[in-house]
Amino acid sequence: MSEGRRLWLEEELQDDLKWSVQVKSILYQGASKFQDIELIESGPFGKLLMLDGKAQSAEADEFVYHESLVHPALLSHPNPKKIFIMGGGEGSTAREALRHKSVEKVVMVDIDQVVVEFCRDYLPANKEAFEDPRLEVLYNDALVELERSTEQFDVIIGDLADPVEGGPCYKLYTKDFYEKILKPKLAPGGIIVTQGGPAGILSYKLVYSSIHNTLAQVFKHTLPYATHVPSFADQWGWIMASDEPLKEPVVADLDAAIAKRINGELGYLDGRTLQAEMALSKAVRKGLAAETHVYTEDDARFIHGSGIVNGH
Amino acid sequence: MSEGRRLWLEEELQDDLKWSVQVKSILYQGASKFQDIELIESGPFGKLLMLDGKAQSAEADEFVYHESLVHPALLSHPNPKKIFIMGGGEGSTAREALRHKSVEKVVMVDIDQVVVEFCRDYLPANKEAFEDPRLEVLYNDALVELERSTEQFDVIIGDLADPVEGGPCYKLYTKDFYEKILKPKLAPGGIIVTQGGPAGILSYKLVYSSIHNTLAQVFKHTLPYATHVPSFADQWGWIMASDEPLKEPVVADLDAAIAKRINGELGYLDGRTLQAEMALSKAVRKGLAAETHVYTEDDARFIHGSGIVNGH
Amino acid sequence: MSEGRRLWLEEELQDDLKWSVQVKSILYQGASKFQDIELIESGPFGKLLMLDGKAQSAEADEFVYHESLVHPALLSHPNPKKIFIMGGGEGSTAREALRHKSVEKVVMVDIDQVVVEFCRDYLPANKEAFEDPRLEVLYNDALVELERSTEQFDVIIGDLADPVEGGPCYKLYTKDFYEKILKPKLAPGGIIVTQGGPAGILSYKLVYSSIHNTLAQVFKHTLPYATHVPSFADQWGWIMASDEPLKEPVVADLDAAIAKRINGELGYLDGRTLQAEMALSKAVRKGLAAETHVYTEDDARFIHGSGIVNGH
Amino acid sequence: MSEGRRLWLEEELQDDLKWSVQVKSILYQGASKFQDIELIESGPFGKLLMLDGKAQSAEADEFVYHESLVHPALLSHPNPKKIFIMGGGEGSTAREALRHKSVEKVVMVDIDQVVVEFCRDYLPANKEAFEDPRLEVLYNDALVELERSTEQFDVIIGDLADPVEGGPCYKLYTKDFYEKILKPKLAPGGIIVTQGGPAGILSYKLVYSSIHNTLAQVFKHTLPYATHVPSFADQWGWIMASDEPLKEPVVADLDAAIAKRINGELGYLDGRTLQAEMALSKAVRKGLAAETHVYTEDDARFIHGSGIVNGH
């Protein structure tokens, strides 16, 4: 009987590739002044948070994305106390940062208060994080808020939508932004980490290699890494950058650091998994090394509507 | 923004043809012991009532289907007082029958009380009909209820799901059923009308010509007719049958009869429209004349999961 | 096994409704300087001619469209000798016109020589028509060729693509075109007939009612008619217009005229079928009567990419 | 123009997840007595070889799959001379094996001679391999041919379709097969490697963990590894097994071994990439360790129609 009709969420991954996720029910529909907000019960990925009809985060594997976004940078820093999150309205990035015992303050800046409050109310996994007194949430453009901050941060996390044509987010991937606005707000030894878009052998040139190269113009050291995120239908990439060396980890040290510095058990990462994330495959490594494009406001690269996590 | 709207209801019209209707929201999800019940706000067709994931009725054009199902038979009868509806849980068939001033009693038999009550509460267009004291609703198998009825009816209306393999409804399309169970319950001069499935030039052989031929084995006269129902993605067919002659209407007479006998204004039918419905195209007329198949329990024809109106 | 993967041709009927036709094989792929040309073996509709990826004509039901486009106008004319076809590159429109014994000359103007020659070579049903000495084929913009013609025609047939935004065809649906360019080329008593787009109760306002109203500004009489074309997924409409009265036919007369004036047997039309085509349903009739929009170059209405027959 | 390109190949990845690959053209269509054979030019993945409507191998990333299938096992063996390939009709597995300087003989057993000859003629990348005198191709059931072989092999490679319900291939994944038929044909120190199906964090329990556990019942040592294959829409897994220890590689040694033992440059693998493949993520490692299911003919696990490489 269910064969006859099926409710599907269709996503264009590229203009020549799309996928369709079965929808069991729509748990919530609403809108802020910035975007439509939906929470969907999907067949393959459990609850899906959707903004403007795009999947942002899936119950089944958001931990892969968020652990990979947050912990490598915080573990690479000897003692991260102050964290700034650009975007991250869903709260999962803050949740992971707040697991670090050293963290004293997390400032999260997301433009959409309605989304943040929706996620606080509807995503049980993030409830505790939203109540953590160390978390300060600001509703604004992350760029504006970062610029006018008088503080410096140990780790700044870019949990922003992909640079999509027509969207404003690409400004937070430019060399000018990194150099003039972000870098001054990094404390000595500070690390920036950003999500970097698809990083598969057929997709890393869309934006990932450019974001990496742009960061490499501004910081002495970069460390790209990636892993497979099922609900994103691809390998996904992140990039750390700093003026301090970012050493690749030794497994045993990492496992010890995780045990010592992070509350609770991680679902995805351990030393070995993180080491594998940092071992990009040969073709991607070569491609990153060969990339010459630098993001500027006048020369940006864009990705087909596959934004992930918003915050701008 | 329209990129964001990517929720689709996919229906297999045939195994080599499917269509996808944009879904704006899901207004209700529930279940009875017989089936799942959903009410969906669709892009092209307004509210869609779905049973077991199949569209039953669309706000935008259910009047085409239900006026065409009900009025031709009632107008062909000189003075229809007692009506029996097999299925019709949605209430729209009863609504149309109750518009006839002559009608004194409508017995509607649908197996699923939960669906009937859902439609009563959620479909404003049928609210008044459900409150009409002339309507008697029974929750049972229409076959069982018809068999044990001690009354005879002027018009019996088959508002049943298409004969789908594995579904039980095909039993209400067989020669045995028409002959032994239904016909004895028709009052003298009584008329049976049933929905007959797709009736387009490429689809009428699926079941429509067989249902017609089956009725022609049992009744002296049949009158097939059809029209385009957008949300069914095809021309749709109905068949009247009676032992009394079923004359094709003269437009002027029909318009007068509609004005005199039916309360309110019809949305779809007038004399001319009804005359056109009865003028099946040449190829379909030839095909009906050439059909030799007769529905029996052992030799039924089935349609690809495109059931319309349930009630069994 | 075939369940696992399926090749589908996806068409957006509207921005909130699409359908998918199973593809068995691609018989031909090529391109002219105007458009891509493909011939596909489809599951439900046999061979599908596609231009720029849009289905133009289906083996299974092109006769419905082309008989309906051509014969009503030619039968409404007492003695049609000279016919002008705007578009019609496929050849099927010429084929139907040439079946009329009275016809002495058919001028067909299609902009794309490659398409015409492809259809001549690949569509067996039209082979004979292309070899008929009464047929003259010109490769040009139909508007230009009509304007510079020194002849007058008994029937001018618009077998053009729908007015689609960005396409040039909408110019051949404007009041100026009908009045200043087309009408002077009609012989006394001459008739123009054009395809008019979707004409279902939910779709006739897209362009059909406007095309009808535009013709009604220029000609004393119009006669709209429609029928269901399965591969177009909708009811389809045509409009005749003339300064001579266009009487609706009497069935017996029509059958006699078809028998007398047309070679061979028609697949779709007979008197009764044609009469039913001309009996638009009540809602569509009312809607045509209420339409006030007139096509001009500055105020055109467009249809979602569902072009049918090209020729401009 | 891109609106026009609407031909899609739809694959059900799971019953609640499907994806659609744009088709540019169909380069070949044919059939053997076992299956349909098609070669399609796809948008995202270049040429796609399809058997029975299922994608087997994509031009854009088949090297990821085939290098990962072949080289780890051959590099883990000190001096592989004789190789047996179960399936592999496409020729790519043989091609990779033949790049090893030590290899003296490759026996490839595929049931479908027509597929093998098609690939030999149509896939330029494998032309040289098919002409290599060290390659012996047999057309038969791999199980039968392996059983009756009088030789022993250094490496046996399972390049078979996934265990799909109703397909015969699952027999080549059972404990009985590995123990009674395959293991006796391994030379001392010999290694079996097989493709193992999807190995993502949400998919590894479908079959991968069971295949791994089954091999672990029969061999003293197993070594599972995985990587992302874009055209398979998931992380993909392989498993080596042997009675000799299978040590995880040290990067420097591996790079040296690749340079010394393999002709030409690998496209995907180097020491670091291979090391990352072998570092399964924490969740998958735990899941493999916890698996208790063993494949037998009476208790097999099956995967939704997503077979890859046939050969049985």
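Per-chain numbering from 1; labels A, B, C and D assigned in written order.
Simple rule for what comes next: contacts are C-beta pairs under 8 Å (C-beta built on N, C-alpha and C of every residue); 3 or more make two chains touch, one makes a residue touch a chain.
Computed from a predicted model, the values in this text were never measured in an experiment.
Student: Count of steps on the shortest touching-chain route from subunit A to subunit C?
Tutor: 2
Student: Which is it for copies subunit A and subunit B: same residues on both faces, with over half shared, or different residues?
Tutor: Same-residue interface.
Student: Using the average of all C-alpha atoms in each chain as its centre, how far is it in Å between subunit A and subunit B?
Tutor: 53
Student: Need the CA-centroid distance for the pair subunit A / subunit D, whole Å please.
Tutor: 34
Student: If I count partner chains per residue in subunit D, which residues reach a count of at least 2?
Tutor: Within subunit D, residues 5, 8, 20 contact more than one other chain.
Student: Does the chain-touch network form a line, ring, star, complete graph or other?
Tutor: The chain contacts form a single closed ring, each chain touching exactly two others.
Student: What is the complete set of touching chain pairs?
Tutor: A-B, A-D, B-C, C-D
Student: Enumerate the contact residues on subunit B facing subunit A in the complex.
Tutor: On the subunit B side, the touching residues are 1, 3-12, 20, 23, 25-26, 29, 35, 50, 52-55, 305-307.
Student: Quick one: in the complex, what on subunit D touches subunit A?
Tutor: It comes out as residues 2, 5, 8, 13-22, 42-45, 60-61, 64, 200-203, 227-228, 230, 233-235, 266-270, 272-273, 275-276, 279-283, 285.
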